[in-house]
Amino acid sequence: MSQSRDLTLRRANRRSQLREYAIQGLLIACSFVAIFTTIGIVASLAFEAIRFFGKIPITEFLFSLEWSPQTAIRADQVGASGKFGVLPLLSGTLLISFIAMSVATPLGLLSAVYLAEFAKPKTRNMIKPLLELLAGIPTVVYGFFAALVVAPIIRGMGAGAGFEISSESALAAGSVMGIMLVPFISSLSDDVINAVPQALRDASYGMGATHTETVTKVVLPAATPGIIGSLLLAVSRAIGETMIVVMAAGLAANLTANPFEAVTTMTVQIVTLLTGDQEFDSAKTLAAFAIALFLLVLTLGLNIVALRTVDKYKKKYA
Amino acid sequence: MMKKLLLCGVVAVGLAACGGGDSSTTDAPSAGEKAAVTSGRDQIKIVGSSTVYPFSTTVAENFGRSTSFKTPIVESTGSGGGLKLFCSGVGANHPDMTNASRRIKASEIKRCADNGINDIIEVKVGYDGIVLANSRKSDQFNITLRELYLALAKDIPNGNGGTKPNDHQRWNEINPALPDTKIEILGPPPTSGTRDAFVELAMEGGCQTFDWIAAMEKTDKDTYKAICHSFREDDNFIEAGENDNLIVQKLNANPNALGIFGFGFLDQNADSVQGTVINDVVPTFENISDGSYPVSRSLFFYVKKDNIGVVPGIEEFLNEFTSERASGQDGYLAEKGLIPMKPEEHAARKASVLALETVSLD
Amino acid sequence: MPDYLLSTSPAMAKRHARHTRFQWYGRIAIAISISFMLLMFTAIFFRGIGAFQKTMIAVDVQFTESQIDPSGTRDENSLKQANYKPILLQGLQQVIPGATERRDRNNLYKLLSNGATFDLGERVARKPELIGTSQRVWVAASSEVDLYVKGKIDPDVPEDLRRLKDRDIAWIETLRASGQVKKQFNKTFFTSGDSRAPEMAGILSAALGSFFSLLICFLIAFPLGILTAVYLEEYARKSRLTDLIEVNINNLAAVPSIVFGLLGLAIFLNFFNLPRSTPLVGGMVLALMTLPTIIIASRSILRSIPQATRDAALGLGASKTQTTFHHVVPLAMPGMLTGTILGMARALGETAPLLMIGMVAFIVDVPKGVTDVATALPVQIFLWADSPEKGFVELTSAAIMVLLVFLILMNVFAVYLRKKLERRW
């Protein structure tokens, strides 16, 4: 009698154990999707990029100073080789990102400091969602606005001041992108600032420092590594941004640091190369995948450095 | 309590969906999905050039409204991408037609043949003028192809039988009669068919006015092309993408700049931009149509003959596209900026399309 | 604020001035960001508000049977496809008798939208008893007329620079004088798909395309996201494998969205041969893109659930799974839903990856399912921004307004959910 009861219990036990395993298996399978996605991304980019490097040597891609995919649309045209140096694209991308960051960093950091340290809870609760809304606006909207409103204004201001600004200046695309990044920086820095232990602040107040002195001399230095991490994340977002630059930046691969000139970016080239009228499977379309691979490596590198910095910082005060 | 129940419900739905979601992202598509993919299509699918897109969509819409067939789907992929999709196979899984702002190439016909597509019908849509234009805030430009070439080329003749890098910064350096403003031209990138056609018609036309270069065409074709086809890459020429609407906006913002785009955009924006007179010919509908305006090209689309009968409505669509009310002289495409073929050519083309004659390149 | 007004020395005053100044920097920074947003919204609002109204023209139509249905069968299809142009033209000529030549008649007819005859066809097909009667019907005006009535075409511009000629304007004024022109709410904008004619174009098919894409995105990303988060937070012991998964997720969050588009192009379209341009593929790409966001948000919520909850459940004899799915997950659900909605809001506005998988298409018919070819709202905006017809400028801004309304609603809903269901531990 008791034996059969044992058996049922054991059976039930085993069944529930099986169920536990099954569920755990399902959970693991779900988490593997992330890994498969990464593999998929790398594989799909690498496959086409390798075909590209079969046509254009990788050294030329990485070190040549000229980007001019003027390969002929038809085989009998001249310039069938084209120039595929990624550096002008990289410089254009970095120039626009730099402009964006010089707009976003002061705005984002000051907003974060104000919200974290000075604002009354009521103000904070009102402002924060508003800033988050700024992050939620689709980039196609920013692009439309940059091309149709901001670029002419910047041009007009340049004309008023007596110098010529290209209507696709890096400045227009960059500054609009900067506004887009503000909430990104402010919310990340907000977290970082909040993580600075209260004890540090109390010590500072105890020494007779004002609130501002505490913030600038104690809290911000303590939070610097974390803030740098959040800035790096913002840079990686700026580098990968597509629609704003597609609509507002140019296509000319100028190797320049002049923000009033038109530059092009890696993402813009990917879109143009893949939607143009040229023959498919030419070096041109394959180049898009090589650029994408380069872009991926770049953003991932930045991201890894950024996350390390933030992690270290968090551990310091944990 | 209610809330909790609701939340548990959501979790349950989520869990149930996980299985399905999981498999569709990581594994091959399930049998059901595959069946949906390969089953017949009752809607014409068109891909291809962004230049033909506005015309194709207009016909598609009129076709959809005036017949009992579904409105065809038109996707803008660029001529090259379109031909690749078009040539990738027969059957309902692949597009029935592709638009092209240039003629199909022998290599593409071969690619099609390799995938079992042997019979392709070529439909000529009409002509597209490529114009230069500037803002109405400044004066109308009047230049020759030769001056245009001298403003845009990468290398220009140095006067004693050789070439030098283009050093023209202002228009009056080319011809004192031209305005004293910086040369600033916004134009399409090398990936675009508009650029291709512009190079062939305008640049080459200007370049041939130098006798020694023109003579080179026979003797040293490569150098000839290098001289005639290369665009300058400094900031006097700005690659502005194919979003021609934005070019028009940018011209308004910068009265000194000229833009290169299709005639349709000039026609639609005649209140803010004006066409540049080239070789004393104003880019008007009539001048492009009768061939006196030097920079115009033909637009095409290609149809898979084998898909007729597989996907309903293809023949009727061809009928609509080639009809007088669509692509004829006063047809509705003309209103969208298409330059129609002359009546005789239109009639001849129409007859061969409706007889389903297939293309051969000679 | 701590009180440190202990001294009134000049040095102290200076320090306090600095304090005030610093606060103002912060306020100004916030003000700049928010006023930029307001500037953007107003610019788009004023460009787009006109699109919510459209101009209609009244025509007195004689529905003669010989013209519409000569065979008298009242067959629905032939009623729809009958030629209504002559009777519409006759109606217009009653008010404007001058136009008799072929060219004039064509110009006169062009005051009306291209869609007017199809519209009439549908009305008659729905109500065949109209045949034989005479009715005043309101039909859409052409886009040019619409722009003129809205004051966006300046009649003082020289005539050859306008597509609308002086005589067209005189005709419109004649019609207006007899009360046959009115502006009304633009229902078409919300009830139809794309069109080449601005006055006939609407956002319904794009909006539904977005809806189906988001549906697929939700069905994939939400369960995958929370289950991954649950695994990493509740089940996994720290190991190489979980480290790898974590690194992967964090990095995926930083991958530019356009790269996900290339992934979709290479894997889903070229390798698995899933149908191009469909919400199915769009949704899958968007799901992979939002997955990291959802996982990261869900993990932080799970981490904030007090250990006591788990201990209590385990102590009462619940298994690990029971503890997790009966106690921890329900408590974390509001937070996880909030994270998901915010991720989906981002997906709704995403354009770049969809460009890569062929969702840039001209779609008139409304998509009925996830395997129908469709486009999405932001892509429609991108397409319209590219269209030559002037009327589309208005429509682009109007579509942006609609998109923003959806986004704000999703954000507000997420905030509400967080407020309503949030628990403080």
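Residue numbering begins at 1 within each chain, and the chains themselves are lettered A, B and C in the order written.
As a working rule, contacts are C-beta pairs under 8 Å (C-beta built on N, C-alpha and C of every residue); 3 or more make two chains touch, one makes a residue touch a chain.
Predicted model only: the values in this text are computed from it and were never measured.
Undergrad: By CA centroids, point me to the most central chain in this structure.
TA: C
Undergrad: Please state which pair of chains has more C-beta contact pairs than any other pair.
TA: Looking at every pair of chains, the most contacts join A-C.
Undergrad: Using C-alpha centroids, which chain lies at the maximum separation from chain C?
TA: Following the centroid criterion, the farthest chain would be B.
Undergrad: Just give me the whole-number Å value for how far the CA centre of chain A lies from that of chain C.
TA: Their C-alpha centroids are separated by 24 Å.
Undergrad: Could you grab the centroid distance between chain A and chain B? Build each centroid from C-alpha atoms only and quote it in angstrom.
TA: 33
Undergrad: Measuring centre to centre with CA averages, how many angstrom lie between chain B and chain C?
TA: From the centre of chain B to the centre of chain C is 27 Å.
Undergrad: In chain C, what residues contact two or more other chains?
TA: In chain C, 223-224, 227, 288, 360, 385 touch at least two other chains.
Undergrad: Where in chain B do residues touch at least two different other chains?
TA: Residue numbers touching two or more other chains: 18, 22, 25, 76-77, 243, 246.
Undergrad: In chain A, which residues are in touch with two or more of the other chains?
TA: Within chain A, the residues that touch at least two other chains are 26, 30, 32-33, 37, 246-247, 274-275.
Undergrad: In their complex, what parts of chain C are in touch with chain B?
TA: By the definition above, chain C touches chain B via 77, 81, 106, 114-115, 118, 157, 160-163, 194-197, 219-224, 226-227, 272-277, 280, 284, 287-288, 325, 329-330, 333-334, 337, 358, 360-365, 371, 373, 383, 385-390, 421.
Undergrad: Can you list the residues on chain B that touch chain A in the complex?
TA: On the chain B side, the touching residues are 18-19, 22, 25-26, 49-50, 76-81, 83-84, 100-102, 105, 107-108, 182, 186, 189-193, 196, 222, 225-226, 229-231, 233-235, 237-241, 243, 246, 249-250, 252-254, 257.
Undergrad: Under the stated contact criterion, what part of chain B meets chain C in this complex?
TA: It is residues 3-4, 7-8, 10-11, 14-15, 17-18, 20-22, 24-25, 28-29, 33, 36-37, 43, 45, 53-54, 56-58, 60-62, 64-68, 70-71, 73-77, 85, 93, 136, 243-246, 264-265, 268-271, 330, 332, 336-337 of chain B that touch chain C.
Undergrad: Flag every residue of chain A that touches chain C in the complex, lowest number first.
TA: So the residues of chain A touching chain C come out as 16, 19-20, 23-24, 26-28, 30-35, 37-38, 40-41, 43-45, 47-48, 106-111, 113-115, 118-119, 127, 129-134, 136-142, 144-145, 149, 179, 182-183, 205, 208, 210-213, 215-216, 233, 236-237, 239-243, 246-247, 267, 270-271, 274-275, 288-289, 292, 295-296, 299-300, 302-304, 307.
Undergrad: Which part of chain C faces chain A closely enough to touch in the complex?
TA: 1-2, 4, 15-16, 18-19, 22-23, 25-30, 32-34, 36-37, 39-40, 43-44, 223-224, 227-228, 230-232, 235-236, 244-245, 248-260, 262-263, 265-267, 288, 291-292, 295, 319-321, 342, 345-346, 348-352, 355-356, 360, 378, 381-382, 385, 396, 400, 403-404, 407-408, 411, 415
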